[in-house]
Each structure stands twice: as structure tokens, then as C-alpha cells.
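Below, chain A partners chain B and then partners chain C, in two separate complexes.
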Partner chain A sequence: MTTYKISKDKMNELLTSIKGYDVYVPTEMGDKFQFRVMKDAGDAKLGYSQSAKPPKDVIFPQNEVLMNYKIQPNGFDVENSLDHIGKFVIFGIRNCDARALKYLDTQMLNGKYVDPYYAKRRENTTVVGLACNSPLYNCFCRSVGAGPHHKEGHDVHLTELDDGYLVEVITDKGKELLANSMSLLAGSSDADTSKQAELKQACEAKFVRKIDVKGNDKRMLDIFESDYWRDVSDGCIGCGICTLLCPTCFCFDIQDIGSRKEGQRVRVWDSCQYPEYTMHASSHNPRPGKKERQRQRFFHKYVYSYKNNQMLGCVGCGRCINQCPTQIDIIDVIEGVKNVKEGSE
Partner chain B sequence: MSDNPYEPMPARVIGVSMEAGGIRPVKKIQVAFINEEDKNNFKNVPGNCAILSMIGQGESMISITSPPTEKDFLEFAIMKVGVVTTALHELEVGDIVGVRGPYGNAFPIDDWKGKDIVIIGAGIGMAPIRSIYNYILHPDNRKDFGKVTLMYGARTPNDLSFKKELFEYEDQADPDVFLCIDWKFGPNGMMDEDAQEGWPRINMKDAGATVIPPGQTRFTCFVPQLVEMIKPSPENTIAITCGPPIAIKFITQNLSKLGFDDEQIFTTMENRMKCGIGKCGRCNIGEVFVCVDGPVFNYKQVKELLPEY
Partner chain C sequence: MSAKNDQLRKIARTLLAEGKVKYFLGNVRGADGFSSKPTTARTPEEANEFVWDPSCVNNMASYLHEDKKRVLKRGEEPDTRPIGIFVKGCDSRSVALNIQEHIFEREQIYIVGATCEGVVDVPKLKKAWMKRGLPVAATNTLQLSINGDEVIASFDGKQEKFAKDDVIMQRCKVCRYPNPVIYDELIGEQVEPKPDAYPDLEEMEAMSPAERWAFWTEQFSTCVRCLACRNVCPACYCRECSVQRSNPAFGPRTTPTEKMAKAQFSNKTPTMEDNFNFHMSRMYHMTGRCTNCGECNRVCPVGIPLRLLTRKMDKDVRETYDHESGLDTEPKNLLAEYDDDDPEGGFL
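Up next is the complex of A and B:
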């Protein structure tokens, strides 16, 4: 890792010097922030708090044409969209959202099959992280194995200092990204590094909420059939926002658009909060109600993911809490498990 | 073959037969890969499924019902229940359909060598296990296994899938075949009418006490009672069962009563599926993805799953 510094007034120049990539930056949209492809370096709002939607859709788009195909007398003509995937930069991603990409890797790249679309986009994406100096009220990344200055999954890591940004180049991909911009970077001093440490500490001290995950998975399994899950999901209206906005959720549907002669196969985000998601053709549904569907969300994130990949499926971004129209709060739910009176002990 | 697991391989429909009628009819479709390379690369074992693609309509996970001993084609038995399966029912000989797979784990048939095999199917549930009996009964493999017993039931004789081959087996000395159809439901409830000719009823209250007339292979009863009456011995035996969840539940209970251990009983689990390759998320039971970790489980494993299926 090599550490540099760039002055604030040169940041736009650095952004403009990145060529050959679609550069996604946090931009302002009303009172929210949204990652969008940069048209002008001035669009980038690096002082943002959190984007309403995580930038995972750069790598796992909400709608993605997998292939176009036509029936021919002797088979199909398939035009695979894999051949047209470009190169991307996610510039200014927060630690939670970057860690979520590491989590998505466990799902999409591990196991018997590799998802080739995800793999290609992931390979073609360079991740520039931006340390968080001020958490939101519902942020709890520190409780789930990370922290506001965590660098996991970053190719380059930026920290905003008073007079510039500390630029840590972590991987070869990061090096390649900045190859044309080296003249904008200066050396960093010990004072900069100690300022970074100071900011980290100050930020950590600002966290309000936390989860204690130790032993929770076992406890949750003990009370799998408890009415607790009905009680905590009581208000849910099944809108799916908590999953659609979650940086680690990966569930998708595959749909065809077109006629019987030619068509398009599209992958679209789906949600375990919708009844059709699991409904069998016989109309039997293994998760018939919101109790079962919300329970699936909590268990997938806090039990199954850990069992399968030794990584929680929640990075503590707090979006599902901030955006749920009925105020279902994953921190309260997971913490509340400790107080449930039933289950085998 | 492309190394993209989502890309279907083209196959030609070479045979279509109606297997069962009613409101949810079942058709058997025989397909052959168009590209020699796809044919050679597609190595299925009993228990595997494939995803069939109907362009513009979508995809469905379907059990491969033909045994791997059939090298030149694959067979699928498809119940018409929705958009894709309706499109599959409209296929005619010569049409093209997409196939991807094979998917899922397999029945551990090699571990069963030297054992007696009891196969118990209900309704469309015969589809995933048909590949087992046709594999075992193939002349190349028959000597590796002991006695083979097939038990199968459906609502009416018309609803029995694969009846052509089952009726042929019924006439042979090997395997032992027992078939049943459901009680008839008249306006006043069950057993209002006489049983259908040739399908005598058995005592439903105490099926185990029923004496089977020699040579009788057809009955009017539910599959779990057929099992109770035929009383397969658990001694050095493997039982494989598949059907609607409620049928599996009672069949398994009756096998347990007969002395079968949970590890001697195999079944397949089905959940709604899309990707078939462990990515789309929807088929999980707890931490298990049925599409890759299943669909075959022994009953001990089934009991260890979280109760959400």
C-alpha cells in the first residue's frame, strides 16, 4: 500500500482524469444522495452521508438483460450481454457498502457455480472507498465486524482531512486507476496519518446504536418457531423496501420478454418479502405470511449467511431501519432475541 | 456448450405423449440435444433435474425422468399448471426447446448395490423416481440390485403417469408392481360408489390386516395404505418415495412403523426455483439451497432441516 495526499481543489481534476470507465459518484437528488454516472466532476458530492440506494447495482443491476435470443431452424441465436460489459468505478463508496460487495462475492462467486455476469462486472469494477467521519443515527457497522474507516474490499481508500484527502492505494487495480493522475498526488506526512487516526476515533465515539451478535445465531435457532417472529413483523406491509435497499440482498427473478420466436431474458431484483417469491405451482407456500417472510430476512442475515460463509449478511448500514415505512427495526429485533422467554435452553 | 450456466442448450422435441388427464394434465416430452457436444457433456444421474426454457415464456425446473442409460434423449413429465408448463404442453415433435443442467444432487444409487429397492410414488411424484427404477431394471444394472418393488397411486387410472411401461412391468415376473387409485368421492362423501372394476377396495381402517389375493396388483386405496398392506421388509432395503407433501408424510410414517430407519428412506424436496444454481436465493430451507444441496435427501436429513417447507 502506498499513501498519498491530494488537495481538495484538485479532486475534480482527479475525477476528470479517470478515462475509460463509467465513474459512479454520489450525487445529490432532492434531499437524498444517489450514485450516478458522473457527467461533470462537479456532480460528485464527496461530503455525502449515505446514498439512499447502495451502489451495489453497478455490479448487480436492478434489471439486467442476460441474453437476447432467437429461434433458428437448428437452435438458438444467442447474443450474450456478457460481451458488452464495460468498466466501472464506484468512487466514494462507504465501508459498509464496500463490505457488502465482499458479501455478495460469497454468494455469487463461491459454490459449485460462478455467476458469470456478476463475476465480469465485479472484475471490471474498481472500488474507491471513502472513510466515514460522521455516522448516521442508525448506523451500526461497528457491531457487525467493520467500522467507519474499514478498508475491506477497497482498491483505493480516501479519508477526508481538513486540507485534502489522504489517498491510500491498496491494490493493483487501484494503482491502474490512478496511473494517469499521479501528477495530482503529493506525498503524505506523519501528521496526516495521525489526523486520520484521530478522525477515526472521533467518528467511532459518535455511534449511538449497536447489536451484540455473540451467541445470537444459536439463540435464534432455539426460538425459530416462537411467536416472537409474528410479533416483530406485525406492522410489516410487505413492500420489500428493506430488502431492495439492502446492500447485501441478492435475490433475483429471471423473466422473459418477447415472443416465442425471439426474446430477451432479463434478471430483475426480487424480494423474499413477496408471497409469490416462494409460492409453489400447487399454491402451497412454505412462507405463507409476513411472520415467515420477515423471519427469513433476519435468519438469512444473522444465521444462514454466517453458517455458510462465516460472514454476516448485514453490514450495519441502517437503511432498512431508516426507510421502512412501518419502522421495523432490525437492531431491536436481533437484540430482542435475548429476552424471548421460550425455546430450549 | 457455453460456460455460461444461464445459457440454454437447444434440443429438439422427438416425442410427445399424454400421460395423465384431468384439470392438470401431464405430458411426457422426449428431447434430443441438437449439438453433439451438448449431448456428450450432459451427464445426468437419477435425481437430477434440468431447467427447460421456452423462449419468450420463461423457464421451469423439471425432473429428468429418463435414466442415464438412455444416451440419445432426455424425458420430462410435465404437469400443466401455469405459464411455462402450458407453453411446454404446446410443444410438438420437431419444435425446439432450451435445456440447461443437469442440476441438483443425486440418489446415491451406487451405495444401494446389493440391496432390495422399494419405490413409492404418488401422483406427479413418480417423475423424479422413474429414472431410478428404469436405471436399476436396465439389463446392464439389474444384477447389482436385489428385489425391486414399485408402488404407485393416482386419483384415477387416467391419472397414472407412465402407465404404458408400468402395465408392462405389471405383467412381468420382475419387478413387483402394485398400483392404486383413490377412493371415489360421490355426492355423499367418500366410498359413495363402488370401487372401479378391477380395482377392489381394501380395508382403509386396518390396511395392514388386508389379505392380498394372489396375483392381485391393483387396488382402490391411498398410497400410504398400499404400503401398509404390501408391508415391504426393511431388511437390507432402501425405500424411495416422492409425491405431494401430505402423501410423503404418511408414507414415511408407515415405513417407520414397518421398521425402516430414517436413513433407509429417501425422498426429493421441491421449492420454487429460478436459477437452479444456488444464486437467486428463493429455494432455501434454512441454510440449505435445495437446487444445489438437494433435491434428494434421506429422511434423517429432512428431519434436520428447519421446519419451513
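Up next is the complex of A and C:
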């Protein structure tokens, strides 16, 4: 790992000097932030708090055309979109979202079946992380294994200092990305590194909410049938915001769209919060109500993921809490499990 | 604890204790201290948690439909007692609309109405709170109230005042129905309605068609089609929605009859085309029915200003047909009524 420093006014130059990639940067939209392809370096708002939608859709797009097909008089043409995947940079991702990409890897790249579309995009993506100096009220990444200054999953790690950014090049991919921009970077001093440590400490002190997950998975299994799950999901309207905006949710559906002659096979995100998600062909639905559907969300993140991958399916970004229209609060729900007076103790 | 809270709790407690309602829909304090959270009270004890203060943004009328959609277990007798519900002025119009459209009969709902001086935009309040550097932990004891032009937050025996215009919902600034239009019991004094005007639409109406197209293209480009706007809508109650079907995609062997039976106006894919399709279909279904509670605008996770569309629709319907929905319980529907004396001989 090599450490450099870049002054703040040169940041835009650095962004412009990245060639051959689609550079996704946090941009301002209304009163929210969104990761979008950079058209002009001035659009990048690196002082952002959190993007409304996590940048996982660079690697796992919500709407991904898998192939185009066309029926010809003698056979048919199939064009696999795998051949057209370009190169991407996610510039300024927070550690919570970067860690979520590592979680997605366990689902998409591990085991017998590797998802070729995901694999190719992942391979072609360079992740430039940006340390978080002011967590939001509902952030709890420190309780679930991530952290505001963690570098897990980053190819390059940036830390905003008073007079510039500390640039840590972690992987070869990161080196390659910055190859053209080396002239903009200067060496860093010990004072910068100690300032970084200071910022880290100051940021960690700012966290308000936390969650204690120890032993919760067993307790949750104990009270699987409890009315507790009905009570916590009373206000749910079944919209699926919590899953669609979750950086670790990965469920999808495959749709064929088109006419008799030509069309596309498309992969779209799906959500366990929709009744159609578990509907059987017989019309029986094993998760008939919001109680069962919300319970599934909590269990997948805090029980099953841990059991299968030894990694929680939650990175503590707090989006599902901030954006829930009816204030369902995952911290409260998981913490509340300890107070349920049923099941075997 | 404020008098309004006590009044609501007392009413709900009594109704549940006497078994006059099967359950009661209301708000309790959310975990972050600022917001309130919709809930269902099934016992008098649960009703003791209810709050009625300016944080109660949720339109509880959206939760009425669940009663219709719930499938009874084998051998289970339907509970015919009414549902208790807490409504503000705007929400009461949504309940009235449901009665107008015969989704519920009047006696199936026990309405506890409250006059309302406005509700706070919680994210805005949170931002203002953080900006002033106020203690975050203090929100556990936070109490909100509105006094004239100020929103007063009291915590730990201290008081903090915010300008009402800075922290209340945009929808409350143009609210013409702060007092419930129907109710069985009423909490609070009558509140003066805001003047009948549409200042919020001026900007959009001044745009040229090309500008307007560009504006909405950008807005809809971020839609994730979570369908929260549809789910939260008190006027959306179909059992199965045409934009979200579980039937398999059409193949080359799908017959025209099958296609007709399974009409799907927009695909699941959140492309620009489908996003426009979905939002416009929804707006068409709302014409003359939307009561402008503004919930779709509030819940949108990516901040699409849907209320500009619903307000514009409201304005056009009033100007063209002099119609407003959800003002009383008499069956009245702009686009589903036929009059024999209609000057346009028509389609019937």
C-alpha cells in the first residue's frame, strides 16, 4: 500500500484524468444524493452524507438486459450483452456500501454457480472508497463489522483532511486507475497520517445507535412463531423500500419483454416484501402476510446469512430505517428480541 | 403529557375495553424520538401508547384495506365489529372516499377525528435539530406541539422553538381541510383553513412543454419502482394490481385471449418508458378520486415530487368539473357517474 496526498482543488482534475471508465460519483438531486455517471467533474459532491440508493446497482443493475433475441426466417439471432460490459469506477463509496459488495460476492461468486454477469461487472469495477467523517443518526456500521474508516473492499481509499485528501492505493486495480494521474499526487507526511487517525477516533465517537447481535440468532429462531413479529410489522405497507434500497439485498426476477419476433431477456430486482415473490402456481402463498414477509427480512439478514456465510447480511447503513415510510426500525426490532417473553429461554 | 394525547388514549381505551371496535389504528412514538409510527392496538393497554402530536404524518386510512384483503382461516368467523381509526382533517377525506366508493359502509368504521394545525416534516426537523447541535439522546423524551407560527420541541424540561414554515410538511402549508369532514368523535378546536390557492404549482405551470418533459424525465429516471406511492395510497385498494402480476411473461404461444385476461400496463423493469407508464396510469386512476393527502410524495425514497401531479390534477378537476372527492359520504364519483340529462348523449 502506498500513500499519497492530493490537494482539494486538484480533485476535479484527478476525476477528469480517469479515462476509459464510466465514473460513478455521488451527485446532488433535489435534497438527496445519487450515484450517477459523471458528465462533469464539478457534479461530484464528495462531501455527501449518504446516497439515497446504494451504488450496488453499478455491479448489479436494477434493470439488466441479459440478451437480445430476434427470430429470423432460418433460425434466430441471440446477442449476449455479456460482451458489451464496459469498465466502471465507483468513486467515493462509503465503507458500508463497499462492504456490502463483499457480501454480494459471497452470494454471486461463491459455490457451484457463478453469476457471469455479476462476475464480469465486478471484475471490471474499481472501487474508490471515501472515509466517513460524520455518520448519520441511524448509522450503526460499527456494530455489524464495518466501520466509517474501514478499507475493506476498497481498491483506493480516500480520507478527507482539512487541506486535501489522503490517497491510499491498496490494490493493483487501484494502481492502474491512478496511473495517468500520478503527477497530481504528492507524498504524504506523518502529520497527515496522524490527522487521519484523529478523524477516525472523532468519527467513531459520533455514533449514536448500536446493536448487540451476540446470541441473537438463536434467540430469534426460538421465537419464530411469536406475535412479536406481527407487532413489529403492524405499520408495514409492503412497499419494499427496505429491500430495494438495501446494499446487500440481491433477489431478482427474470422477465422476457418483447413481441413474437424480437425482444429482450431482462433481470430486474425483486423483493421479498411483495406477495408475488412467494406465490405458488397453486395460488398458495407460504408467506401470506406482512408479518411473515418482514420476519423473513430480519431472519435473512441476521440469522441465515450468518449461518451460511459467517457474515451478517446487514452493513449498518441505516437506509431501511431512514427511508421506511412507517418507521420500522431494524435496530429496535433486533434489540427488542431480547425482551420477548416467550419461547424456550 | 399533552391533553390531546390523553383524550385520544381515553377514547381508544374505552372503545377497546367495551369491545365496540375490533382494533384501533393509530400512531405511537417511533424509536428515533422524532417520528411517529403507525400501529394497531388490539388491547386497551396498547392504546395507552398512542400519541397525537405534530409528528403524526401517517394517513391511517391506508391500513383499512388490509381488513378486506385478509384471508380468513378455515372455520374462522368474520369479526363484524367496526374498525377504530384515528384521522386528521386530510385523512378523514380518504376515509370518506372509501365510503363513497362502497369499499366500507359508514358503520364499519368508527372515526376519531382530530383538528390539525399541520404536521412536521421529520427529515427537515432532524436536519434543523442537528444543525443547532442539540443533544441527540434527548429525543427520547421529545414532545412536539404547535403554537401559532412556532413548532415547540420540549425535552428534559427545556424548550426549543422552530419556525413553523421551516419544519412543517409542504402539504400543510396549502391545506384546505384541517378539520375532519366526517367523524364520530372529535379532538381539538376548529382550525382556520388555508386560502384556496395553488402557489406550489406556479413553477411547473410556467414551464414550456419541452422543459416539463425534461423535468419529469429526470425525476422518473431515479424511480426504483418500490411502489410505495401505490401501497401507501388510501385510494388504491385493488386486490391485484395491474402493474405487479405474478403470471409468467408472455411467450410466442400466449393467445390473444390470455393476453387480454392478463393485461399488464407496465413491465416490472424500471426503464424510463415503464416508469412513465406506471406513474401516469396511477395518476389516471386517481383523477377525481385523489384526496391530496400527500402521502405518495412523502414516502418516495428517491424524492420524486409526485404531489405536483396530484395537485395539478386536483386543480384541473375542480376547474373543469367543479368536483372534489371525499368531502362527504354520499356516493359521488367524477368518472363513474351517468346522468340521463347529460347534454352529451354519450356512450351508454
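The rule is short, and it goes like this: the second predicted complex is superposed on the first by the 337 of 345 C-alpha atoms of A that agree within 3 Å, B and C clash if a C-alpha of one lies under 4 Å from a C-alpha of the other, contacts with A are read in each partner's own complex, and residues count from 1 in each chain.
Quick note on the criterion: a residue touches a chain if its C-beta (ideal position, glycine included) is under 8 Å from a C-beta of that chain, and two chains touch if they have at least 3 such contacts.
On a predicted model such as this, the values are computed, not experimentally measured, just so you know.
Touch criterion not met for A:L46: it reaches neither chain B nor chain C. Applying the stated contact rule after C-alpha superposition, one finds that A:M279 touches each of chain B and chain C. Once the two complexes are laid over each other on the shared chain, residue contacts for A:Q255 go to chain B and to chain C alike.
Touch criterion not met for A:L184: it reaches neither chain B nor chain C. When both complexes are overlaid on chain A, the residue A:F299 reaches chain B alone and has no touch with chain C. Using the contact criterion defined above for the overlaid structures, shared-chain residue A:Q323 touches chain C, although it does not reach chain B. Of the two partner chains, chain B is the only one that A:G111 touches; chain C does not reach it.
When both complexes are overlaid on chain A, the residue A:G289 reaches chain C alone and has no touch with chain B. Touch criterion not met for A:I223: it reaches neither chain B nor chain C. The intersection of chain A residues touching chain B with those touching chain C, taken from the two complexes, comprises 253, 255-257, 260, 279. Per the touch definition, chain B reaches chain A in the complex via residues 2-8, 10, 34-35, 54-59, 79, 81-82, 85, 87, 96, 98, 244-245, 270-272, 274-275, 277-282, 284-287, 292, 306-309. Interface residues of chain A facing chain B in the complex, by the touch rule stated above, are 66-67, 69, 71, 74-76, 78, 80, 82, 107-108, 111-113, 115-117, 221, 224-225, 250-263, 265, 270, 272, 277-282, 284, 286-287, 292, 296, 299-300, 303-304, 307-308.
The touching residues of chain C, when paired with chain A in their complex, are 30-32, 35-40, 58, 62-63, 70-71, 123, 126, 130, 136-137, 222, 224-228, 231-232, 244-246, 249-252, 267-271, 295, 298-299, 301-303, 305. Looking at the complex, you find that chain A touches chain C at residues 29-32, 34, 52-53, 62-63, 137-138, 208, 231, 234-235, 237-241, 244-245, 253, 255-257, 260, 266, 268-269, 271, 274, 276, 279, 288-289, 321-323, 325-329, 331-332.
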